[in-house]
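In the two assemblies presented below, chain A is common to both, partnered first by chain B and then by chain C.
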Partner chain A sequence: MRAKVIPITAAVTLIFAVGLLHARAGGGTVSGKVTYEGTPAKPKPIDMSKEPSCAKQHATPITTETVVTGPNNSLENVVVYISAGAPDDSAPSQPAKFEQKGCQYLPHVLAFQVNQPLEVVNDDQTSHNIHPLPKVNREWNKSQPSGSPAIVDKYDKPEFIPVKCNVHPWMHGNFAVLKNSHYAVSGEDGGFKLPNLPPGKYTVTAWHESYGEQSQEVTIAGSEAKTVNFLFKAKPY
Partner chain B sequence: MRKTNTKATRVFLAVMAMSVLPAFAQAQQMESHIGKLTGRADTGRQLYFRYCWGCHGYRGDGNGENWLPTGSYATEPYLNIQPRNFPSATFKCRSTPTGTLPTDQDMFNAIGRGFVMTNMPSWIALTDQQRADLVAFIKTFSPRWKNDKASEPITVPPEPKLTIESIKHGQELFQKLECWKCHGPEGRGDGPSASTLTDSNDQPIRPYNFAVGSRFKCGSTNQDLYKIFMTGVDGTPMPSFADVVKPEEAWDLVHFLRTLQVAHKSPELALWESNKEGAEQIESRKLYGTPTGSGVKQ
Partner chain C sequence: MGKLFGVVLAVIALVSAYPIVMHHYVQPVDISTHGHAIDEQLSDTMAEAGLSFLGAQLLLAFFVFKFSNRKPGAKISQLPGGAKLVVAAAFILVGTEILALGVLGQKAWAEVYFTSPKPDAVQVQAQAGQFAFYFRYPGIDGKFGPLHPDKIDEGNANYFGLDPANDVESRDDVVTGEMAIPVNREVQLLMHAKDVSHSFYVRELRIQQDFVPGLDLSLHFTATKVGKYEIVCTQLCGLGHYNMKAYLNVLSQDDFDKWMKEKASQQ
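Coming up: the complex of A and B.
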């Protein structure tokens, strides 16, 4: 009897473990599109004449990025993330890179995790100062002349943080500091994808810097793919 | 059986009581330590609500009656610079790196000095003990004072000998670090970005005008000037240059910045004036004050 119990227990444990691992690695997916209704404010061209070294990098002036839209009423730069239902994840060691290029922040919205290293680089001929404006995390302000090394820092609390450069007042960006690894920033087509979700009940939240936040509940069973779409009300100003 | 249980319960309760009491006591008692002084938050609280809350507000967030009075007739703030918001724990004048909390001494000095060009007066009329008590109370406005690790002040190396080379190197740094973008090529606060500057409350703010020669926001000595650009003025557009300026070079910049203060007598200005190049620069910038104020070149 005993001789049989051990291998059977081992086999059951093995199958159970493999089953668990499989659920982690595979898992369900939440994907969808972010769109708007109404008339959004028109993007305005940015006058960079005060910084000739940047102005000449843009054949046509770039436009303001507080609202960026795409074809079929899609809304870009929306951070879609799991705000409830998923455990907090430990931070990856891979830094999140924020570039200053042509007196513009690239990407306009950078999403990364709590305690993940943030790396800010200056690819321009001019000096910038990097001045994130958090309300919950610590506020700091550092100068970064042309050619100086990357500035590395991190945030220990989740928050949406506006970022500005005081020298170049048209430069605006955002940091989205999130608690877990399930997030995406919508692209030009307004699309987003959140893969690798274990079965469970989740709250998916979409955040836009001008149009606010919206949440929806979704339940994942097994490895199903669910669609969640977000519709924001655009403001003409 | 019963005897053991009772004893165990008693021991358990005693341990719980002992572990809770210190935390409770600590919550009531924030302290500040400045030199030999120990300030207490409970005494500071009474002083705050006597002297400070009119501007800094009931919640310490800068929304006092003097800043923005309530009532239907009030549409504009009375003060042109919003009083410090203590719950945000962002402070302008520190000897600690940007984004970190100031030392008790920093806040003690700030209260005594006041903030030039703002409505924060010098509170030097208060006793040292009273100021220490106020510092202790201010530390109760934000949980960061309990949760964050205490920050180390930056090391300010001793000031090296003042030489013409030091001033010239400082001039190169002023160019290279692009200080002139906000402060202007002559340090008059008229750089290309100066008119667009806003502080962290989105209020317009102007960069320091060296030519006028007033005290700095955070002091008046060379050491204060060193700390200003090596720790940044948090809450304002002025960043920290600690990552990009070596400590020896920082002193060269201090010496040069003093020569921009053409209306303020200093050894740096005197030395620069004795040099041909320096004398030309100063002559072209010197302000001859009018009865109503400075800023008019003649």
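Coming up: the complex of A and C.
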């Protein structure tokens, strides 16, 4: 009797899973562009002369990344995500990789899910000390000399977390820890795309480290594609 | 045997005191107007320390030589006045030595710290924080904007905590990671610690001064040779102390003006 139950359960689960995947793959899409108006702060060059192994990796000095803009007033590094309307997703096992390369955090804004493994790698010939500064999650800071294995950790609550290096004051990045898998970080053209959204009513939120957050409501029916654009007010200081 | 030991002691004293008294060591190049006074002071201190050491050791050797083979039944004689007098003599001797060094050294010290800088001195504020130095120039208005520690935003290169949106004086302040100064012009260095104690040490300038949290110190100097020198932290300040350094760029007045213009355009 038991021998029969297992294959049947497995088959039902498989059919259900395939069905679910299919439904999600065929869902609606929210896409759009993030732009700014006004005068943003000028990016400032970073002096790395005290760390020659990093300085030589940059032909021209890198600049501050708190506000990165592109052509046609596009705004980069904006996290666009579904803040309400979508169920919480279980974390993927694929780690989110945060690199320290040339005394710079790559990517500048790393978005990943609650309980998803976070992997911090040091590619430099110098020591780093990564120090994320959460307010609701557990805080830690870890030293990572050159050649050390990756630091693996995770966060169990959703939060936007600034990240700094305790050795190199200019190093600065952000973690966006999110509840579900519907998120994107705007690229050079300010564009983003949230695919595979099942029909429903959603709150789409855009977060920028300097300019804050703004939200819009959107309703998806069937597999339609909706456009949502965000406009942030830039400040010169 | 005792007499031989006395002679050996005297020889060891002479051989070890020679390099201290003569101090033949290679000095790093001196690029400041006050450096020679510091070097002379160091030289005087070495000679004085070497001679004191030699005197004490020779005295010891003499006593070992003279009193080593005590005859049976000979009495131990004591200095008149006993231990009290010896202790008092030691205090006076060492006190005089330290006082003399202080009196001789105060001129070199005062030249850097206790006199006021010339009115046309270039003002530079140095801020030490874990684990980098940053420098600030007052800009065209000649005034430093006020510091707001809560506004410090290192990811945005606001290392000092300036608030240009509200403070007019801060808008033209020039913040840099290297320190450039014009040659043969007096520089007033204002020292500010962001977190813990650090130190500003440029051996070619003959300047080594601690940054003290909560206490802004001022000193002044004139550099006399164009070149690039290293500024290092010489006060153990934490994990990255070994790596805490910056560069001092002594430039001709023309090059300095060009450098300042370039840095100002990047603010």
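Things to note:
In this text, the second predicted complex is superposed on the first by the 215 of 237 C-alpha atoms of A that agree within 3 Å, B and C clash if a C-alpha of one lies under 4 Å from a C-alpha of the other, contacts with A are read in each partner's own complex, and residues count from 1 in each chain.
In this section, a contact is a pair of C-beta atoms (placed from the backbone, for glycine too) under 8 Å apart; a residue touches a chain by one contact, two chains touch by 3 or more.
Keep in mind the model is a prediction, meaning the values are calculated, not measured.
After superposition onto chain A, partners chain B and chain C are found to clash with each other. When the two complexes are overlaid on their common chain A, residue A:P162 makes contact with chain C while staying clear of chain B. By the touch criterion stated above, A:H131 is placed in contact with chain B alone, chain C being left untouched. Contact with neither chain B nor chain C is seen for A:G191 once the two complexes are overlaid on the shared chain. Contact with neither chain B nor chain C is seen for A:P117 once the two complexes are overlaid on the shared chain.
After overlaying the two complexes on the shared chain, residue contacts for A:S143 are found with chain B and with chain C alike. In the overlay built on the shared chain, the residue A:A41 is in contact with chain C alone; chain B does not reach it. Counting the residues of chain A touched by each of chain B and chain C gives the higher count for C. By the document's definition of touching, of the two partners only chain B reaches A:I151; chain C does not.
Looking at the shared chain after the overlay, A:K50 reaches both chain B and chain C. When the two structures are aligned on the shared chain, A:T66 is found in touch with chain C, with no touch to chain B. Chain B runs into chain C after superposition on chain A, and of the options 39-47, 129-137 or 201-209 the stretch responsible is 129-137. Of the residues of chain A, those at positions 50, 126-127, 129, 143, 166-169 touch chain B in one of the two structures and chain C in the other. On the side of chain A, the complex with chain B involves touching residues 50, 126-127, 129-131, 133, 135, 138-145, 148-149, 151, 166-169. Partner chain A is touched in their complex by these residues of chain C: 129-133, 153-157, 159, 163-165, 176-178, 239-240, 243-247, 266-267. Interface residues of chain B, counted against chain A in their complex, comprise 88-90, 97-100, 144, 148, 176-178, 181-182, 192-193, 196-198, 200, 232, 234-244.
Those residues of chain A that touch chain C in the complex are listed here as 41-42, 44-51, 64-66, 126-127, 129, 143, 162, 164, 166-173, 210, 235-237.
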